[in-house]
Amino acid sequence: MAALSVVCAGTIFLYLLRESAPVFFAEGSGFLTRSDWWVGESYGAGSMIFGSFMVTGIALIIILPFALGGAVFTSEFLSPRWRLVIKSVMELLAGVPGIVYGLLGMSMLAVWVKSGFGLIDGNTIFTAGLLLGIMILPTIITLSEDALRSVPGEYRETALALGLTRIEMVWSTVIPQAVPGIIGAIFLGMGRAMGETIAVMLVIGGLDKIPAPWFDVFQAGQSIPSKLGREAAEAIGSGLHWNALMGLGLTLFLVVMTLSMAGNMFLKRVRM
Amino acid sequence: MKREVVEKSALGVLAILTGTGVLLLLLILGSVIWKGGPALSWEFLFEASSDFGNAGGIYYQTVGTLLLMLGAALISMPIALGTALYLTEYTQSETVKKVLRNLIYSLNAMPTILFGLVGYLFFGVFLNTGVSWLTGMLILAVMILPTLQVSIQEAIEGIPEKYRETGMSLGLDHLAQVRSVIIPHSWHGMITGVLLGLARAAGETAAIMFTATTFSGILLPQSWADPVPTLQTHILVLAQDAVNSAALTKAWGAALILLFIVFILISFSFLLRERLKMEAEL
Amino acid sequence: MSKIKNVMEMDNAAIFYNGKPVLDKVCCGFRVNAVTGVVGASGSGKTTLLRTLSRLNDRVGGFRVHGQVRLEGHEIYGNGTDVYQLRRRVGMVFQKPVVFPKSIFKNAVFGLKHLAPEMKKEFPQAAERVLREVFLWDEVKDRLHKPAQTLSQGQQQRLAIARTLAVDPEIILMDEPTSSLDPKSSTAIEELIVSLKNRHTLVLVTHHLAQARRVCDDLLFLNEGTVWEQGGCLEMFENPKRKETHEYLSRWNVDEPAV
């Protein structure tokens, strides 16, 4: 069945494949591993691929405590009324347009990062990761909360009847059963983060380079969608440059689809 | 004793972590209002922009955003309804259902920039609609399809079996059943889906920035083939190229309007859901 | 019971859910203009039998019918049966009253709207006719356009019957139509059933044996998925052929409905 869904997304896949084929012929696997992107000369997408994974990783590390803590507290300790409040807040947050996040990130977050860490420029991989973390918070909270709520109430009562405190009960009975759902939520959140364009584009610095050392995230970088957003308009139909961008699109597509498929499998997808 | 302390402190930490989400929303709202508020005025809302966005208002940008999102919803709605009806009423085949569901999920997870790229090549180049209002609507229509479809389908699946069976027992055929039982009992799902889909379309930038919009020049599209200015791309351009703080204030003002549109739509969907919940409990 | 008079009959029918037989070797008939009661313990297959007669289980996956089910001699599970027409001719009234969240009037003409849209002008008369038939007219004539949910359960059930009558079925199947109603409403429905006999054939599933005795002409006793006994109603109460029938029916004058 999973194979069939591949067939479904296949049209877009084939399209991207066809459009990007020339760059793979020209660059070979170097397209994915080298990071020299000089329009007209060579196309190595390494720095964008690195950047995409890096910002997604940072986003997750920063936001997971908030997302999971929030989900547990909302599902297990809040009254229905307050649950509804949190859920509504999350829905509103999820609705904030990417461009508004971008504007906030660019003119506030980047400034804070700059002064907070004593940098010359606040537009860094870290800034993008932080902003993305905020953006995927609602996705992860909402889906993990659903996973926690779907654990049947009898388990909770049994544990409480044995004399466990509420925290012990949640930790030892509810969370273990909700783990697959929570993992699913995280995968879908990662997919979201990986594909975000506008907000990242405005704060990541736009430098096609892997920082040295690679873990110095307080330098400017580039992600795949950000690169696409910057260059696609001028490159449409212009030979190898266009093919290379489509190669980036294809890479992004494959990564995000893998994440989303894995996520949906973990969630046994009943709802979006 | 120790267990109690653990319980209390754990709860405290969790509460703080949860509170952060609420704070974030307040912070975002507060910042946008604080920074965009000064830009607001009657002229800002109802005048054309001038001097590359440094002066004037955002009237045509707002109209452009509304046009794009309404067009997208209008195109998406019949497709979403058709898909939902097909899945719930017409096909028994589990394979077909699974394939369609997976397709919908894939569409929902797709990075929007890819909609922009592939959508432009498919509609703009292959179907020759160019960089235009029409291309933007079509791309956004595909993009919001999952939102509408899932909402409609959940509503249809929530229809009590007794209503279908009563319709059946009176000899209604498929079409009559759809017209008299299914649609009247699931319209709320349609409206909720449309509201959320509109909100999604209004907030989208990557998919339309090089497929449907221009920064300046055109005021209102004279035909399907013209591009439109939008709030999203207006903010983007001002944010990227702003040389003075006046332009940035205009960007914040536009962001405030955009956020307002999106939040209004989402809030209406809340209201609708709450009202229905109350009715269901009657 | 001569064969010709049976409007509907089952001939050696077996009915399965997911390969599991629920009814087996069923032979039975329903006489024209008679009320046939179907009695038997819960789970004996009464609802399944009714739903089979109007093909309401078509949408249920894993449902199969073997043998013959005939309406006026025509096999209803054969090719070329117009299932919508069949369901119009064989109406069904459910255990819990079902009214749509619409006005009383719209509920009454709900079926007509689709089956005879060209008669739209005559809908008010049609509504009045069927509402009179179910003795509801006087109670609702001043509030025809109020929501049907404002009616009492008993009134709702009569409205449901009126809605079925409006599409003029030859046979009306009723699955425990009074089991969720108070005694007074039950009596009203019983009287209604008797009055409908003139123009319709009725099949009534009931757990209420005294009710069966009062309104039914024939009786069909189901036990664990087979027809245990079929015959005239009084005769079965007074002179059952089988011991089990006797055991089941003998409690008819205990006031509570037998379960």
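Couple of notes before you dig in:
Each chain gets a letter, A, B and C, in the order it is written, and its residues are counted from 1.
Please note the rule applied: a residue touches a chain if its C-beta (ideal position, glycine included) is under 8 Å from a C-beta of that chain, and two chains touch if they have at least 3 such contacts.
Worth saying up front: this structure is predicted, and the values here are computed from it rather than measured.
Chain centre most remote from that of chain B: C (centre = mean of CA atoms).
The most centrally placed chain, judged by C-alpha centroids, is B. Averaged C-alpha coordinates put the centre of chain A at 20 Å from the centre of chain B.
Averaging C-alpha coordinates per chain places the centre of chain A 58 Å away from that of chain C.
Mean C-alpha position of chain B lies 48 Å from that of chain C.
Shown for chain B are the residues in touch with two or more other chains, of which there are none. On the chain B side of its complex with chain C, the touching residues are 92, 162-163, 165-166, 168-173, 176, 179-181, 184, 282. Touching chain A in their complex are the following residues of chain B: 3-4, 6-7, 10-11, 13-15, 17-18, 20-22, 24-25, 28, 31-32, 35, 95, 98-99, 101-103, 105-106, 108-114, 116-118, 120-122, 125, 146-147, 150, 154, 199-200, 202-206, 209-210, 232, 235-236, 239-240, 248, 251-252, 255, 258-259, 262-263, 265-267, 270. Within the complex formed with chain B, the residues of chain C that make contact are 54, 56, 59, 61, 84-89, 91-92, 94, 96, 98, 100, 110-111, 113-115, 149, 160, 163-164, 167. Those residues of chain A that touch chain B in the complex are listed here as 1, 4-5, 7-9, 12, 15-16, 19, 65-66, 69-70, 72-74, 77-78, 85-86, 88-93, 95-100, 102-104, 106-108, 134, 137-138, 141, 165-168, 188, 191-192, 194-198, 202, 225, 228-229, 232-233, 236-237, 245-246, 249, 252-253, 256-257, 259-261, 263-264, 269, 271-272.
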